[in-house]
Structure formats: C-alpha cells, structure tokens
Amino acid sequence: MERIAVFPGSFDPVTKGHESVVLRALPLFEKIIIAIGENSGKSSLFSLTQRMTWIKEVFQNHPGVEVSHYSGLTVDFCTQQKARYLIRGLRSQADFDFERTIALMNREMHPEIETVFLLAEPAFSAINSSIVREIYKNGGDIRPFIPDSMTL
Amino acid sequence: MERIAVFPGSFDPVTKGHESVVLRALPLFEKIIIAIGENSGKSSLFSLTQRMTWIKEVFQNHPGVEVSHYSGLTVDFCTQQKARYLIRGLRSQADFDFERTIALMNREMHPEIETVFLLAEPAFSAINSSIVREIYKNGGDIRPFIPDSMTL
Amino acid sequence: MERIAVFPGSFDPVTKGHESVVLRALPLFEKIIIAIGENSGKSSLFSLTQRMTWIKEVFQNHPGVEVSHYSGLTVDFCTQQKARYLIRGLRSQADFDFERTIALMNREMHPEIETVFLLAEPAFSAINSSIVREIYKNGGDIRPFIPDSMTL
Amino acid sequence: MERIAVFPGSFDPVTKGHESVVLRALPLFEKIIIAIGENSGKSSLFSLTQRMTWIKEVFQNHPGVEVSHYSGLTVDFCTQQKARYLIRGLRSQADFDFERTIALMNREMHPEIETVFLLAEPAFSAINSSIVREIYKNGGDIRPFIPDSMTL
Amino acid sequence: MERIAVFPGSFDPVTKGHESVVLRALPLFEKIIIAIGENSGKSSLFSLTQRMTWIKEVFQNHPGVEVSHYSGLTVDFCTQQKARYLIRGLRSQADFDFERTIALMNREMHPEIETVFLLAEPAFSAINSSIVREIYKNGGDIRPFIPDSMTL
Amino acid sequence: MERIAVFPGSFDPVTKGHESVVLRALPLFEKIIIAIGENSGKSSLFSLTQRMTWIKEVFQNHPGVEVSHYSGLTVDFCTQQKARYLIRGLRSQADFDFERTIALMNREMHPEIETVFLLAEPAFSAINSSIVREIYKNGGDIRPFIPDSMTL
C-alpha cells in the first residue's frame, strides 16, 4: 500500500517553515500532496493561482511533491486521494494545542487517517503566514520568510 | 443559602464536552443554569431557539438543570439569578489561559462570584465548537461530537 | 449527602496562595480537610508537626476547615474521609498540565471523586512553595509569601 | 547613543497593565514613545484622539514618556524615531508565544532593534484590552482595569 | 532504503499511551525498535528484564516491533541500528516543549535522523509513567493505565 | 545612576544561548555581571573554576562583561553589586512560566530590582544546559551547543 500524505494549509503565502517541513517529510512518503484548502468564509491575500504557482516553483525539483487544492473537509480530500497520512509542522506550544484538537477530531471522523507531526528548522520556527501578510501589506520585505527559490 | 451556578457559553452547538462538564458539576450545586450568551457583534450558526431546544433535550432528565439566555455581562446575569458560581470546563493549557483572564476580570467586578473549573472526560477534551461548526458547514457528520440524546 | 472536600498538598510551608484557595472554596463545601501528604521518598523542610500547627493557626477561625495528614494514595484518603471532592488551586498554564494529569488518573481509579479547580488571587499567583523554601534556606524573609496570621 | 524605546499597541483603551509596564521600563530608557499603531483593516472602539488624550493624561508627570501614532510596520516607525528598543509586557504563556513570533520576525527585518520584555504587576496580569472593550460595550464599569489617573 | 524507527523511553512501565503510539506508527515503518534507555544516573522501579518482558508480551503479535535496550546517546543507538527515524508521542503542550528541545538537539548532532511525532488516543493522554509508579508504590491498581495484554 | 545588570545562572556549562542573550543585552547596560549561583544542595558537572574560566574566555573582548559567583539569594547579590536589573533569556513558553514566578517573587522581596527578558537567537532556542550535560556524560560532542570561542 502506498504511503501518500497530504500537507494541507492556506499557504498564503508558502513560507520557509512550510518548505522545511515538506523536505523533511519527503523521505518518509512516496508522495506528498501539498493541498490548498479553499474556505468559502475566508478570503486570501494572494490568489489561488498565485499560491499554486509559487508552491510548484519551490518544489519543482522534487517529483514526490504534488500541488492541489480542495474545498470541504480535509479528511474527505485525503480519502479521495487515497492518502492515509496528514502532515503538520509544529513550531510552538500554542501551535500544538490547536493542531492536537484538529488531529483528534479528524481521527474521530476517519480513524484510518493518521496525523504525523514534524518540526521545522528552529531558525524558521517564528515564521507565521498571517504576520508575513501584514508585513507585505505594509510594504515590508517578506523575502527573509519565504523560500529562496520563490519568485516574488 | 442556595448553591446556584451559571454555565455560560454560546453552545453553537452544545457538545459532548459541555454535557460531560454539566453532569460532573451537578452533585455540587442545587441548580445549574445553562445560559446562552447573546453577543450582538457575533452571529451564530444555529438559532437561539434551536440551541435552547437541544440543551433542554440533552438535560431533560436532570431537574437540577435549567436553560436560559442573556445579553450583557455574564456576571450581571449571575447577580439577577442569585447565582454565586460560574462553571467552566477546561480542556487544555490554551483554554486555561483565556479562562483565567475572564475569571479574574469577573472577580474584580463581582468579588462574590466564584468561578469553579472542572475537567471534561479526556475522550471529549479535543472537541471544539468552532471546528464542529466547520465540519457541519462542510457537510461532515458531527454526531461523534454532540450528545447522543440530541436530535440533529 | 455531605459535601466534603480534601485539599491535598505538602504545605512545606502553607502559603498565601493556599490560604486564598481554601477561603474561596469554603462556601461551596460543608467541610474542607487540608491534608498533608507524606511521601516516603520525599523529605520536607519543615516537620509534619510544624506544618500542621501552622495550618491550624491560619484557619483557626474557620470551623469548616480540618487539618489532617495521610500516606498512600490521595484518592484512598478521600474514600476513608467520605470526601467526594478534591480541591486544587491553579496558578498558571504549567500548573494546569500537571494537575490535569493527576486529576484524570485519580478519576480513572475513583470515578466518584471529582476534582474542583479554583484560582488563587492574582497577587498570589506567583508564589511557589519550593521557591519559598529556597528563600528560607538562604536566609531571606518569607513573610510576604505566607499567611499574615501565621507565626514564623 | 541615546536609549530610545517604542512601546507599541492599540491601547484601545490603555490599561493598568500598560501603565505598570511603562513605569517599570522608564528607568532603563531616556525616552519611551508610546505609539498607537493604526491598522487599516482593524477598527477601534475608541477614537485615535481619545486614546492619545488618555495616554497623555496618564503619563503627564513623566517627561520621559512621549505619545505618538503610526501606520505601517512597527520596526519602520522605530527606525524613523531612532529607537533601538521595543518594549512589550508579558502576562502569560499565551502572550509569550505570540510576542516571541513578532519579536523574532521584527529582528529578522531589523536586526539592530531589540525587543525587551517586562512583567506587569501580578494584580494586573489578567487585564486584557479586548475584554475591557466587551465590558464597556455591555455597560459594565471598566474603572478597575484602567489607570486611576484617567478621566473616563 | 528501509524505514526503521526507534521509539526510545524508560518504559518503567510501558503504558496504554505507549502502546497506542506504537500501533499507530506501525503502518508507516518497516520496523520499529522499542528501545529502553539505560541511564546510569537514574534508577528504575522495574528491572530491565521485567520491562523488556512486558514490552515483548504486549507486541508479540506484531512482527514489525522489536525490543532492545541501550546506554549512551539515543542518536548513537539509532545510527548503530541504521534507523533514520525517532518516534515520540505527544500528550500535552508541556510534553511538546520538552520533546521539541530534545528533537532539535538530536537533529543538531545527527541531521539525518528525523523525529516523527504522533498523538496517543485522547483517553490515554493523561497517563504518565511516573504517576503510574507512584500509584504502584502506594499499593494502588495500575491496570487501568497499562496494556490489557500485559501480565502484571 | 549606573545601569548595572546581573545575569544569574549555573552555566554548567555556558551555552550559545547564554552568549546570545548577553551580547544582545550589552548595549542596554553599562555593566553586565554574569554571576554563577552556588546552590549548596545542587552539584554541578563542571567545577566553579572551570565555569568561570569558560565565561571569561567567551566574553574576553567585551569589557562591559564581568564574571562573578555568589551563594545566597540572587536579589541579595544584586543589592551588594548595586545592580538594579536582572537579565533572563526566554526560549519557550515553559521557560516563561518558571521565570515569571521567580521574577515576581524577587520583586516582592526587592521591588527596586527589575527583571528584563530577552530572546535568544531562534537557532539557539532549543539549547538546554541539562541536556548538554547528558550529551557530555554520554561521550557526545557538545561543540554545536557551546560558544565557538570556548576551549573545551
């Protein structure tokens, strides 16, 4: 049975923290699907097309990485993709509390899907997409926080 | 003097976690008022009528439980109800930080009202109403997270 | 049925934080037994006799408070005392994590005993018995941290 | 080189917690600029003019304190003001996690600006501006939470 | 390349929480080595032989699980075993902080070894080996906390 | 009035995290005294002489840094040194909780001494002296965790 994992998020935009987690998870899985969740009630700063283009650019040399998007429940998307694993990065204790709740509610609904947690590089442990967006909107330089291979 | 407690919340919807906390608190009080706070600035997924109906259904065999609703400050509602106790459930450290701030600000305003904290069952410690709402809006099955006796 | 609670601890020494929690819990219970746990593997700074004398002094005007000591499991002591409640004070998130584990393991062993958590006064939320002992051993003045009615 | 610090926030309204942090930080700096950040996407309860008037009133006897406002990035405002230090108060673990992320992202953008953290008085550690606003909107008395010298 | 993982610990004794983490991790790896770390400075309640016997009993029907023991650094043991993965269970925010530090220091020493975190069942999230030992030493019944298949 | 700060600790051994905090704090103070606390009840891995030699080596090019040692209360040492400030580094939420308690108890005893908190570099946020000692005792290489200028 294939080891397929979904790495869900809004990736608005993808950060060095996301990149670090995916690269670390790659040896463990045959395929990782980076999946942009489209939440009807939540608007994004960057368009879906822009976000998908960036992620493809960052992982273009990694054939094990696919990019996709979905609406609805993350666990339903996993089932469609025959993915038994969800990948999440953990930065801090505050992250953990939220991620634990999501992971356990997902398990309650789909017990066969397991959430696997990895740590980003410590140097990237203080990168937060919503603050990256604030910096961008205020005209700051977000390049220290996004992957080097990404064309801003 | 009667031991009357208020268990405030938005109960949008009531969950197995709420049910567990109320049932555990019941032997300690003569009356527990489950009180739906109506916050003008915040819209709910389920109507007030629906939420009250559900709570009444869940606790119909517990004469010590009343269901009510209020607007304004929770501590003012307690005073009207001659309730000296507030009940809150704690699931995680993140919960605790928020609940501590609310409880201490309430105490500053009404020193005679004491907040009593109880733990939900561990199996229900990862149930979060806002994620339950997300699941519902996305067509998922929320029955694992709501009381068994509640008619969806 | 009587509402009897046990407030367990090492009380080495009793602090303003402990005093605040007991006084706040008193209206909720008919009797609170402050119970010094004697742990064979752990030595105390102050003798059991000294610690009991201090607690009796602090609560001498509160007939609802008893002072006792026990070895063995806290929940077994509760059963002997016909106490259905354990009282614990919470100061911080770090406290909460430890207290939650203890409370849930106690519940697993004795489901009929409920742990009730209260908050100390914020001004006393940073008083820690083990640091009080360090201050005492280093010749510092511990009076800011212990009850005013206690004879040092 | 002058030791100038910026204490940024929305101060909507200024609280006893803010006052306590500024008074404690004063001996360490030659000038502290209390700076109201104006965030285009976020509306405030009290007007900018009202918030500035209150802060000036609270610190009128402290010549080392200036009051200002800014839009854009906090670190850019620091650079304009030749301020090498940011001051932040810490109340709880939950605060810390958020403040750490902001401080480290600021450092990444402007490595010469250092964030210095101080603790408020414990009695003020449970004062939260957003809850103060809720109390105000619901007709409650917010005087226990705001500086004594402030004219409501 | 084989996916071999080490699940290190003192397992003094093995608990339902440990069992749950190993069973969840099994589909992800070809082999999981449950490895008892022998720390010269730390004495155990149960003998190494007893602890190994129990773990073998619990996982006797899982050919992908091996039991071993080691002294020295965990990452050195991984290298000897050609294991590229460390498995750790996370119960709470407090766990996370400690586990994060260990994992990042291990990564600094052996960057090719990745720590993978999984969540135990919520019902087992409050099981702590050191409290299990306290209960055992005080004559309490530890069966609710240890695997059902383990002969006490 | 001079701005003198004490940076207390056991420094057993000094780490890159300690070095980072001192270098960041230096512009804010006229003198920083790195002070090794000698706690009668606690034994160190490295001798006091060794630890002082290492710290002097690390900061030999920083005339604003002094190295000292003390027994007794940290705040009493500050008073002897005419130091009005204590410096502490914060790595994580777990750190914060402990540091907050110490800082507030110190303030209760000596209200004129203020504790100032700084963040270490994120890359060093997972360095913990007690784990460094474990690695050393098990024959591991601790150079990734200690200052580059330190002769092991």
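Per-chain numbering from 1; labels A, B, C, D, E and F assigned in written order.
Keep in mind that, in the parts below, a residue touches a chain if its C-beta (ideal position, glycine included) is under 8 Å from a C-beta of that chain, and two chains touch if they have at least 3 such contacts.
These numbers come from a predicted model, not from an experiment.
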Please identify each chain that touches chain C as well as chain F.
D, E
Can you spot which of C-D, D-F or C-F is a repeat of the E-F interface, where more than half the contact pairs line up?
C-F
With centres defined as the mean of C-alpha atoms, identify the chain lying farthest from chain F.
B
With centres defined by CA atoms only, which chain is the most remote from chain C?
A
Centre-to-centre distance between chain E and chain B (centres being mean Cα positions), rounded to whole Å:
38
Chain-centre distance (mean CA atoms) for chain D and chain E, in whole Å, is 46
Whole-Å gap separating chain A and chain E, where each centre is the average of the chain's CA atoms:
28
Residues within chain E bordering two or more other chains
92-94, 97, 100, 104, 122, 126
On the basis of the stated criterion, which chains touch which? Give every pair.
A-B, A-D, A-E, A-F, B-C, B-D, B-E, C-D, C-E, C-F, D-F, E-F
Chain D - residues contacting chain A, complex
40-41, 71-73, 75-76, 93-94, 97-98, 100-105, 108-109
Which residues, counting only chain E, touch chain C once they are in their complex?
92-94, 126-128, 131-132, 135, 137-141, 144-145
Going by the contact rule at the top, pick out the chain C residues touching chain B in the complex.
1, 3, 24, 27-28, 84-85, 90, 93-94, 96-97, 100, 103-104, 107, 114-119, 122
Under the touch definition given earlier, write down the residues of chain B that touch chain E in their complex.
92-94, 122-126
